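This is the structure, below, for whatever I ask next.
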Amino acid sequence: MLRNKIPVGILGATGSVGQKFFSLLANHPWFEITALAASKQSAGEKYHKLVKINRNDPNENSYGNFRISECQPDLPCRIVFSALDASVAGEIETLFAENGYIVVSNARNHRFHEKVPLLIPEINSDHLQLLAHQSWSGGKIVTNPNCSTTGLAIGLKPLLDTFGIEAVHVVTMQAISGAGYPGLPAMDINDNVIPFIGGEEDKMEREPQKILGVYRDAKIYQADFTLSASCNRVAVLEGHLESISVKLKSGASEDRIINAWQTYSGLPQKLKLPSAPKQLIHYFSDDDLPQPRRQRDLENGMAVSIGRLRPCPIFDYKFTLLVHNTLRGAAGGAILNAELMVAQNLIAV
Amino acid sequence: MLRNKIPVGILGATGSVGQKFFSLLANHPWFEITALAASKQSAGEKYHKLVKINRNDPNENSYGNFRISECQPDLPCRIVFSALDASVAGEIETLFAENGYIVVSNARNHRFHEKVPLLIPEINSDHLQLLAHQSWSGGKIVTNPNCSTTGLAIGLKPLLDTFGIEAVHVVTMQAISGAGYPGLPAMDINDNVIPFIGGEEDKMEREPQKILGVYRDAKIYQADFTLSASCNRVAVLEGHLESISVKLKSGASEDRIINAWQTYSGLPQKLKLPSAPKQLIHYFSDDDLPQPRRQRDLENGMAVSIGRLRPCPIFDYKFTLLVHNTLRGAAGGAILNAELMVAQNLIAV
Amino acid sequence: MLRNKIPVGILGATGSVGQKFFSLLANHPWFEITALAASKQSAGEKYHKLVKINRNDPNENSYGNFRISECQPDLPCRIVFSALDASVAGEIETLFAENGYIVVSNARNHRFHEKVPLLIPEINSDHLQLLAHQSWSGGKIVTNPNCSTTGLAIGLKPLLDTFGIEAVHVVTMQAISGAGYPGLPAMDINDNVIPFIGGEEDKMEREPQKILGVYRDAKIYQADFTLSASCNRVAVLEGHLESISVKLKSGASEDRIINAWQTYSGLPQKLKLPSAPKQLIHYFSDDDLPQPRRQRDLENGMAVSIGRLRPCPIFDYKFTLLVHNTLRGAAGGAILNAELMVAQNLIAV
Amino acid sequence: MLRNKIPVGILGATGSVGQKFFSLLANHPWFEITALAASKQSAGEKYHKLVKINRNDPNENSYGNFRISECQPDLPCRIVFSALDASVAGEIETLFAENGYIVVSNARNHRFHEKVPLLIPEINSDHLQLLAHQSWSGGKIVTNPNCSTTGLAIGLKPLLDTFGIEAVHVVTMQAISGAGYPGLPAMDINDNVIPFIGGEEDKMEREPQKILGVYRDAKIYQADFTLSASCNRVAVLEGHLESISVKLKSGASEDRIINAWQTYSGLPQKLKLPSAPKQLIHYFSDDDLPQPRRQRDLENGMAVSIGRLRPCPIFDYKFTLLVHNTLRGAAGGAILNAELMVAQNLIAV
């Protein structure tokens, strides 16, 4: 391990989000993987036995012989990235926090704990003030939102700041990678759309209000707009597309909205965090953009792409938004959360 | 030709909608194809040279040696089904009407002519009263709506009748067959969604109000609800899926809405027209239906499938709707229009 | 139950092949489903709870309330169609045969039992003479080949009869439905080809020689040509495509080969069995046919399509062949086997 | 332009191969684009009007305002990369060669000119000796093979050198990008395989013998093995997969074959050319690799992946091979050709 890297572990390292954490962290300038943990059944196996690592990437290859640990709070690291399934994440993450670990979680379990930030570093970095009020023994828990929510919240934030928002109507067309692995049978999704994703609409209708809420006195006061979400699964490998209509409070015009998106920037851009996109929101004036396959990898999958802003006969405006669901919307977003905490000196090392 | 069948022709017989007309009419109990017309360049060729007919279907095979005619009003038939491109449909359809033909058109050109019905037989058969006020010399023109509109209008009609509608917000996920042939390059649409279909949103935002309007004194008074449409193309071969939110006027509940759909029936059902579905609207209570591949062929592609009715935090209710775009939404819909006209004795033969 | 229908059961009725059996048998003119059997865990449940039946098909719907039985030889039927997994099929099928049932199996377990026909009714109906030599107490077992083998054997039979075969080289591009349900994750197969199907190459390299072998004195003498198979999975829903090269013994020309295919006919055609295609092999002279999506449903999926016959620089000739894997290659093939047995009076009822 | 870069132009810069040349050359360490040429109709337009350049890549963006030239031999460059269509490539490439340009062509027209190398730098760099015998006035023409041939020839070369080859049988499953843009309609290829690619089998059956031939006395003596190719198009975006059987002359074993592939290296590796893969051939011992989506981008798409080596009952061995068709098999291969010529001092600048 390099002397100046921070030792990190991955909880749930063998699942699909866990593997995404692995490949992003295997090459990370600040973090060094020192533990790969998974279920009891996997413990003791070499990582490359259970996961197809990229042997052509020397960074990944060097971890192939790591033995998988159990998810017990004796891992030799400071930060744990949690890619655990919701069925076990709550308990295990709490256990790690109580044992002094920094838990950076992609799971949904702690997202609505009142002292846990539901963090998107460009949007609500001030919510990290909640950490001072967490009561786990020395440890901390930070969560990132659901993949679809992440894109939506980023697209809404500049509108909220500039014009105010009254209502948001969103219909998603989500990639199959969002369902993990094995996820959807090809027999179900090929030449098809599935108009249902379990639990997704609830998450999308609740999370943005906390993310876009206001921190005051150790508490988040939720944003008060109404939100309706309808979620569909399409035969796309990566990249969630969203058809969004918004009712704003005042003063919007197409030019002003595009300007609000294009000039929006946050702490990660200012601090030049390793995973931060240079430009958070890319606006496309082409008729038919953004498209999942064409824009999802923009800025290493960490930017959000928007296009097709136009008047809505019912709401004020409608537009199309794209977010890379497993990068910005999951592992990449969580790593950016950890980078921000490091840069803010919130992680004693 | 059988003595008792009505001679019909197809204008634009070599295109993708024209071919759909062909295969439906080659087996039709009331109609007999007596003319296949296309552009000047195709005229004189045998049909099977330009179009892959199904030689295993004796009905189709018997037409393979037909010579293609030009689109001139000297075709030996009473009805012409128009699958012409909008760039030429207006002029040619008018020419045929002026020469005494019944023009049953799938093209958009005459849809907003104030004396031309925009017809869905189960919804607005009374609009056929407009025919008496058309002033072409003996001929008549009837149109069917855009494919996405057709499904939407069918889903809305029972709601309009029972509760009244104030606003409709629809986001579509449309099949590639809607773009005709060759249509979309696989390099564009595979592993992708294209959030734009030229002209489609305009059609969807204008056509339902005419279809659902009221006929009085030789005029259609448009329905007065507001409509917002966002149209996307997905990698599905056939079947347009629509995420719909509606604001109703009064008295709705989930049970009453489902009941309104399931009990809705129109003249085609009463008259048992050959192409009419037995049940116009099928409601599915499964979490994840309707789906394009699973329900599109229901009742030979002439039924509309609906599911996922649930409250909408912004509007009153939201639901998912599926329509077979090239059957109910194009050729099949037009043929049902012609069947209704025959059954109503509007076509002198 | 209709008085004159033969009572049949399905073993493994809830799996993907079992469901295909169900939908074909629910509408069958000679057979009546009287038992649906599956694993102990499913036993007692209503069929429609575990399987999505087609409620719009009155034939299917009438079976929805059937209770699933265990696979014990007390089912109220004469024939059992086995769609069991190979891990349990051997034992259960033997048990049923020993208890007097006619077992018509799609599983691989008994295919190489020396007294069990590996039957394709058009190819080797004389192999049914083996039944007289089976020694289960009153019951009988008949198997159909692997899906890819079925198409291959049908394409080869007329060549073997007319010219003799020395060697066959086949590369397959197989549909995902061949892997059952859930089968392949969309994350694995979309925008991809998987050049491996476990056990498939072995089956394809062994089964054709038995099918095309000669029955004499209670024994099958295997055909003696060499066969090499390479199997690939492609993102197609139904229909296995095969690139085949053959070395023939004598007298072949393109015209003679095509003629051999087109004039080939078997007992099912002569007896007009309900599931028999009128024409077993359809030859297409178009450059680019057969194609899975365009020809798979030919003759209700029971015909085999061939095209692109041309000289091979190494072998004599090469061509492309298509077979519907879940119809002709699985459930449909097995049902045709049973029909032949009934027509041959091999099933006392 | 940087002082030490070689000025290059692209002929046919707006087509799909031309665009691939553009994006590879816009970032090239040795070459600088100084001309973008296309058909007369496009001439005069800004490049970004006709082609979607990547504005986020500063290298690409700087060329967006380039005006497109006609394909006339007055372009301000030393090398022209030809991505021209075969219908015009022959004449235009000759014209440029006669006017002193180095023509590095991806078109098929000059591939069988007896003084033109059909070059794969790792395989037959000695064929560049032909250049001294070309008789165009100062200019030179070098070609790269068809995309499928490129992968095949690379896989065969170590076998030819080590064991000798008697016969090769190949069946391809080729990506849709090989058909250019717009290429295949999604309505044709989705949920389908097309067992035909015009002209492809001829190219694959002729080109390898020249590539693998021996240079002596200003002439190429073709390799003398027999080759049979069957070409199929599958719904994959990039990456041609090939099922190959080979008959070798002597001394082969699985271990020796794998060793021959893994130790094979050529001049580009020795000279560390910018586009050369470090390891030309990657052998995978996994059951189910290589796969187009998983391995196509290996070494920036310039390596060839092989797996599944096993005995063939007819030939000696069979295996599966993957090549990135638009990188190694087209634009990337051509650029590597030019790099080799520069490194060999064959281009006076």
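Chains here go by letter, A, B, C and D, matching the order in which they are written, and residues are numbered from 1 within each.
Basically, a residue touches a chain if its C-beta (ideal position, glycine included) is under 8 Å from a C-beta of that chain, and two chains touch if they have at least 3 such contacts.
Every value quoted in this text rests on a predicted model; they were computed, and no experiment measured them.
Under the touch definition stated at the top, subunit B and subunit C share these contacting partners: A, D. Here C-D and B-D were compared by C-beta pairs in contact; the pair with more is C-D.
On a Cα centroid basis, the chain most remote from subunit D in this structure is B. Between subunit A and subunit D the centroid-to-centroid distance comes to 40 Å (mean Cα coordinates, whole Å).
As a whole-number value, the distance joining the C-alpha centres of subunit B and subunit D reads 48 Å. Rounded to whole angstrom units, the spacing between the C-alpha centres of subunit C and subunit D is 43. Within subunit A, contacts with two or more other chains are made by residues 190-191, 235, 237.
Of all the residues in subunit A, the ones that touch subunit B in their complex are 167, 169, 171, 173, 191-196, 198, 205, 226-228, 230, 232, 234-237, 241, 243, 245, 287-294, 307-308, 312-315, 318, 320. Contacts from subunit B toward subunit D in the complex involve residues 16, 176-177, 181-191, 235, 237. Residue ranges on subunit D touching subunit A, taken from their complex, read 56, 190-191, 282, 298-299.
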